[in-house]
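In what follows, a single structure is set out as structure tokens and then discussed.
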Amino acid sequence: MAITQDVKLGQGVRIFHPELVNLYGCALGDETKVGAFVEVQKGAVIGARCKISSHTFICEGVTIEDEVFVGHGVVFINDRHPRATASGQLQTEADWQVVPTLVKKGASIGSGAVILCGVTIGENAMVGAGAVVTHDVPANSVVAGVPARLRGSAAAE
Amino acid sequence: MAITQDVKLGQGVRIFHPELVNLYGCALGDETKVGAFVEVQKGAVIGARCKISSHTFICEGVTIEDEVFVGHGVVFINDRHPRATASGQLQTEADWQVVPTLVKKGASIGSGAVILCGVTIGENAMVGAGAVVTHDVPANSVVAGVPARLRGSAAAE
Amino acid sequence: MAITQDVKLGQGVRIFHPELVNLYGCALGDETKVGAFVEVQKGAVIGARCKISSHTFICEGVTIEDEVFVGHGVVFINDRHPRATASGQLQTEADWQVVPTLVKKGASIGSGAVILCGVTIGENAMVGAGAVVTHDVPANSVVAGVPARLRGSAAAE
């Protein structure tokens, strides 16, 4: 099992396979569900009643509000210019800054999407499967493609 | 190990790392091979002599015929408009319908491809690596790109 | 734990979750770091002071030089025309040839990228997140998109 003691779990959180996830230093809100092969890094905050599907990676700097759907194999990013080393030595936390990303209430992120850092995905927005999101996504909109572009409006529930 | 008792395994199925997969309620045909970090959901049916490569997700509603190659990190989908909640409560199975997908005999799906729901991938077709498949793929054709478009014919064996 | 005895580990290699990786027959250089849910196949060679991030797949035929950053969910490929079977029987190693790929010193590969086989990614080059690399990438360049195209120059450190 790879869930460290410092993970904050709300009431009724369901982690279907604790032995097949890697969660550390993060917070998950009430009733949120987490699939297999998911990694959530320190500092990431996930709201209540979210679904975090299998094979997804959520990094430091990401805030996900309540009732958000995150599909399978979704990847978040927090570094615009990643490098392994600085001056020939492995980078440390001093060598780069976390760029934050915000996913607002009720949004859905399709499977296989890649979310560049520094963006806000608006309330109830829908990101198509396989999209690469490079800019902010307006509330109640649908985006898709590489790079992700506006395709229409998300039906209100 | 995350292989539930209700998984139907044909003769000679090879699951290289039973402790690193998540298989439940699915069926795998004779001699099919399954890599690490693979999830196959209930109701998914996979034929004989298939290769299901590492990091791939196969969901409910997917039928894969015999002799199909599925690359690494491939993602299938079964919901056109996924949402975490309905009226503020976590969705249940009553809130959405599975949209089926069919992969026909001898097809190959390249690594990193995303397969939208409701499509049929024809016999012996080849889906390029990283493609996002949004429409049916004709038999014996090659498709690639986002969205996947026709690029040529697959050589018959 | 899925790290076979034949894996060659340099000094100070850090594998954060040995129970959640699948490494066999490969070599990792000094001080290289490996995240969770990573698979590295036999014959793959990874240099010193690299970062191999979670959910990444590195196949036979791939050589990664020193100080390379490989993001999360990156997929390498070594077969141009993958098939599950040949003449109705599961393919064996006799049925196909490994096509090699080379990633040169100091390069960075963004998360979610797919690297087709037979390419060289030049020194200090940067591959954007979600890119599908189908051709060689010049040293000190930035590429992005599907297929990946030149977008600029990578800043020298």
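As written, the chain order gives the labels A, B and C, with residue 1 at the start of each chain.
Simple rule for what comes next: a residue touches a chain if its C-beta (ideal position, glycine included) is under 8 Å from a C-beta of that chain, and two chains touch if they have at least 3 such contacts.
Here the structure is a predicted model, which is why all the values come from computation and not from measurement.
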item	value
Type of subunit B:subunit C copy interface by residue overlap (half), same or different	different
Rotation, 0 to 180 degrees and nearest 5, that superposes subunit A on copy subunit C via CA atoms	120
Whole-Å gap separating subunit B and subunit C, where each centre is the average of the chain's CA atoms	23
Residues within subunit C bordering two or more other chains	20, 37, 55, 73, 146
In the complex, subunit B residues that touch subunit A	2, 20, 22, 37, 39, 55, 57, 59, 73, 75, 77, 81-91, 114, 116, 132, 146-147
In the complex, subunit B residues that touch subunit C	17, 19-20, 31, 33, 35-37, 49-51, 54-55, 67-69, 71-73, 106, 108, 110-112, 126, 129-130, 145-146, 155, 157
